[in-house]
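Structures are listed in the sections that come next.
The same subunit A turns up in both complexes below, where it pairs with subunit B and then with subunit C.
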Partner chain A sequence: MKTAHAMQHTDTTSPLTITGLTVSYGQKPVVFSVDCEVPEGSLMAIVGPNGAGKSTLLKAALGIAPRISGDIRVYGQPYRMQAHRLAYVPQRSSVDWDFPTTVLEVVLMGLFHTMRWWQFTRRRHRDKAMACLARVGMDAFADRQIGQLSGGQQQRVFLARALVQEADLTILDEPFAGVDAATEKAIIEVLKSLKREGKTLLCVHHDLSTVSEYFDHVLLLNVRRIAMGPVQDTFTAEHLQQAYGGRLNAIQLERITHPDSSVSQA
Partner chain B sequence: MGSDFLILSLAPLLVATISSLSCALLGNFLVLRRQSLIGDAISHVALPGIVASFLITGTLAASAMMLGAGVAALVTMALIEAIKRLGHVEPSAAMGVAFTAIFALGVLMLEVSDASGVHLDVQHALYGNLESLIWFEGLHWTALLDPAALAKLPPQLPRVAWVGLLVAIFVIVAWRPLVIGSFDPAFASSVRARPLLTDIMLVIMVAITAIAAFEAVGSILVIAMFICPAASARLMTDRLLTQIAWSQGFACSSAVLGYVLAGYGPGWFGHDVSLSAAGMIATVSGAILLAACLFAPRRHGNMERMTTD
Partner chain C sequence: MLELLWQALTFTAGYNTSLVTLGSAMLGASAGMIGSFIVLRKRSLVSDAVSHATLPGLTLAFIIIGLFTGDGRWLPGLLLGAAASAAAGLWGVQGISNRTRLGEDAAIGAVLSTLFGLGVVLITVIQAMDVTGQSGISGYLVGATAGMLASEAQLIGISALVLLIIVFMFRRPFLLVCFDRQYAYTQGINANRIDMLMLLLLLTVTVIGLKITGLILIVALTIIPPVTGRFWTDQPSRLVGIAALSGAVAGYIGAAISSIAAGLPTGPLIVLTAFVLFAIGLLFSPRRGMVAMVLAQRRFRRRVHLRQGLLALARDEAIYDELTLKVLRRQGYIRRDGVATPPGLVAARDAEHEEQLWALYRQLYPDEAAQLDHHGLEPIDDSLPPDMVSSLETRLPLPTRSA
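Right, the complex of A and B next:
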């Protein structure tokens, strides 16, 4: 019953529908003819080897990278009409952390939609930003210059900026890259709580060993779409071999796809 | 003494200060975007733009020159993009190639055309001509209240004043997109803060400002006005608004100090000459930058971060 309802829902208003997306830098396509439909309320990973086009797929979907062909729908409409329902967290390494600004100011950038150019930030804006910082455990750092933060703290600030946007769909590019274990735990807790609130999350993810633990849906990508669906059906040794072109050995595959039994295997 | 100052120094001093302030204001964003070279590029291509507009229209009217230089700036930006994309060249190399080539073309055009006869000579284009901004009506302080006398102020002064106002309005109105786009262009695009439009607007504003300042300080020295105060200010603080305040302070003091030193400095040492005001202003702003590198509080920003990691 529940599944039937969800199916019906995705048919009409999937948070993100990508059809026939092709992106190319120079001669070689980076992403080739990818179809993808993100189910509402899912916590979905995009997984694939380096250079598989994972980040490019997201950027092209958001219009940040140019695409050769393909149709993108956000809640059934072109992106520009639904941009306010979407939050994007770029790779942490894509910005200059020496920029002269504070943690709180970065989070306030998430309120861009709701504020006009002549408006000053008011108490209620700052309160909202502080609440989001508290949710990622960074409220004590609000007045810090962002260059003084560790990598994990920077990532949490980026997540807080997405939280303040109150988006229905949040897209994150490698949120766990180069962060400490405490931050990874804090971030996944926030993502799971967003999912419980009925939000949809799409995440480029690198660490194969945590896919089954963190996510419920997965898109395996290597320039082309290899497989997509619920983790238990899709995240199989066969699909992984296809995506990674045989670069994973049998023991690795067993550990990744059956993390619970990995102890006996090792 | 009073009338001497009014006739000879008031207009150049104001033109230098206002140009310096507006250049420095935009310079903050160029420095933060690591686009300092764009200021350089635009100020250089202003020359061929102005020469081309003279060749086409046959006038030296300010509006025609501005338009010519503005078009040249946009053409250069497009050319830089094209070289970057088609030649797979890194941005700074593409920029360097494009603007030196176009600037050289401008120098040649200037020599071949008759423009060199009419005030538009190479030396003034390169080094500026602040000292020529004489206010013949400034015989007495009361002239400052006399509309007829004020109307005879060198036209460069109202021009830089209008441009300064325009720059200030642009920065205030476009503040959020400018800041967000400078810090995180991908995020800016995702919230539809229009980073590309902001980029283009910034380039156009830089072009307009460079051209307005061009006559006063020349196309080579205007780059010092864009970058030095902002780069010095960046070393003073880790807050953007404070940085902008510092940059305005540095811009104002290098303009005033530079002008005074060039005009009166040699006299203090018994030499009966004066130096190029534009050259001295650029030298002073360079000296401020050097001092900031040596003594400013935030010069160790990177090291601090490494130790807290």
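Right, the complex of A and C next:
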């Protein structure tokens, strides 16, 4: 069968392959010659110090930030051709929250690409959006103006908008930045359930202490690629030292890489 | 007088007048629609630049047409000239704000005044020329529909209708680009091209509106209706709808009024009508209207007093505040002599429980709590997601059931 064959073909290629990517603002490279291959079905973190180019890497992969060199493939093809298989959760600060729109309408934006111009928003669109809102615990807020929400609630809405796209690859830019603990838990639960459904997730992450707990793969980045691979092999004190330099001391490193072993502080 | 107005409003004042009022309504609707997106994109001032930039092209076209034919009043040619110089103005604004350190507002100011100045100079040239229709050129400043030809009204009406359809077709890309350009890009939308299209439509509506509202006042027709819509809704689709409707009503009524006497300028009348609609929203909108604000403030005050009163009941404190007593009595929570009723006791216990949950929330998530609108007085289930409320519940010390 032709379709089955096509499916198999795309399944064997990585959801996102980045080769030799360089991005620069002005004369200063923010991301330099980075190679990265996101394994299918992984929940992967991009970790690095401030200014390491984590968000820029994502934006370049999505075609938002202009790249100087390098190649981006989404399921083996140029991004433009696979855009529908990919969902993006931007940083919360990228949006004007005074914009006159409700929670439900923001989630519906994720379905715009399926609607033709002569079609109006139908019941089934709304039902789908409501189901995704329920998944992040925000269905009771569907008619709120987005500016009335707290930071964590706004982040949940963004996640619901990505869910409604039913994408195979979801890219999230600091989803845990500035959210409350309950939201962090709700978001990671959704991400893990997506992973169980076989979806791939790539996430810029800033909290080193939760990397081992949340993610299975990690890319350590500081303009250049420091290391990449499964968390247990890659998320080591040595690599962290390389990525962060003197910003982490020995005790911090020990605690981050071995969160389970209780390091007794005398 | 009133009879004439009634005739104009009911399309019984003759073919030409009907065409003009219909054309104006159509223009108002499309200006309101595209204006909504321009306002959401925070580019209201750009429309000011566009409209003023039409003058040199308009006057230049008049001079050229006049030199060839002896009469400069050929609307399609004039509109083309206006569009060309408006496009040049836009290009200038974009160029200055992209290539220099000047902001868009400064670029707009520079381009707008220069081109308008040039246009005024050209008007004086026209006055000195030997062509017919010189005096008609001033009609493009404030709008004049009195002597409008049927063909002109048709041209305007049809163009406005086409514009309406185009805006409708692109409503979703427009909305995405206005809300979040980068996200729009990930949805397969070329944000730069959509921005260009928005400006192009703005330019078109400005140009076809020249004859009706005049170039100075078309800005009002692209900005006032969306702002009116903002009073009535939080939803962008409705905002655009209300803006289109109020623009259409303004165009229709304004043009009808101006038709009842020669010399009544159409543009100002349309804008004044639009302003009346705006003022109605400003005063009476249930969300943001001034009346609603005052009422909401009163309700809020009562809610504060009710909560304070209930907390006082729960903690067995004496209440002295008159308003608090009044609110509690009206709810049936206390008797005339100030003793709490059974429902009052239940409500007091609930209020105390809510208060503890809110206090815990404020303690655990101070930043989040500070972000919420009037937190602590709404029922907590309405303000926080259920998983958050239940996690707060579990951390609360068990309620001590006294009495």
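The rule is short, and it goes like this: the second predicted complex is superposed on the first by the 249 of 266 C-alpha atoms of A that agree within 3 Å, B and C clash if a C-alpha of one lies under 4 Å from a C-alpha of the other, contacts with A are read in each partner's own complex, and residues count from 1 in each chain.
Please note the rule applied: a contact is a pair of C-beta atoms (placed from the backbone, for glycine too) under 8 Å apart; a residue touches a chain by one contact, two chains touch by 3 or more.
Worth saying up front: this structure is predicted, and the values here are computed from it rather than measured.
Q: Clash or fit: subunit B and subunit C on subunit A?
A: On the superposed model, which is not a single observed complex, subunit B and subunit C clash.
Q: Of the two partner chains, subunit B (first) and subunit C (second), which one does A:156 touch, if any: first, second, both, or neither?
A: A:156 contacts subunit C only, not subunit B.
Q: With both complexes overlaid on chain A, does A:98 touch subunit B (first), subunit C (second), both or neither?
A: The answer is first: A:98 touches subunit B but not subunit C.
Q: Per the contact definition in the header, classify A:229: touching subunit B only (first), subunit C only (second), both, or neither.
A: After superposition on chain A, A:229 lies in contact with neither partner.
Q: Now for A:140: first (subunit B), second (subunit C), both, or neither, which partner does it touch?
A: second
Q: Based on the superposed arrangement, let me know which partner A:148 touches: subunit B (first), subunit C (second), both, or neither?
A: both
Q: Is A:112 touching the first partner subunit B, the second partner subunit C, both, or neither of them?
A: both
Q: Identify the overlap between the subunit B-contacting and the subunit C-contacting residues of subunit A.
A: In subunit A, positions 59, 62-64, 80, 83, 86-88, 90, 94-96, 99-102, 106, 109, 112-113, 115, 117, 145, 148, 150-151 sit in both the subunit B and subunit C interfaces.
Q: State the interface residues of subunit A toward subunit B in the complex, per the touch definition above.
A: 26, 59, 62-64, 80, 83, 86-90, 94-102, 106, 109-110, 112-113, 115, 117, 145, 147-151, 161, 165
Q: Going by the contact rule at the top, pick out the subunit B residues touching subunit A in the complex.
A: Touching subunit A from subunit B are residues 32, 34, 88, 172-176, 179-180, 182-184, 186-187, 189-193, 234, 237-240, 242-243, 301-302, 304-305, 308-309.
Q: Enumerate the contact residues on subunit C facing subunit A in the complex.
A: My answer: residues 40, 168-173, 175-176, 178-180, 182-183, 185-188, 230, 233-237, 239, 364-365, 367-369, 371-373, 381-382, 385-388, 391.
Q: Given the complex with subunit C, which residues does subunit A contribute to the contact?
A: 59, 62-64, 80, 83-84, 86-88, 90, 94-96, 99-102, 105-106, 109, 112-113, 115, 117, 121, 137-138, 140-141, 145, 148, 150-153, 156, 178, 180-183, 185-186
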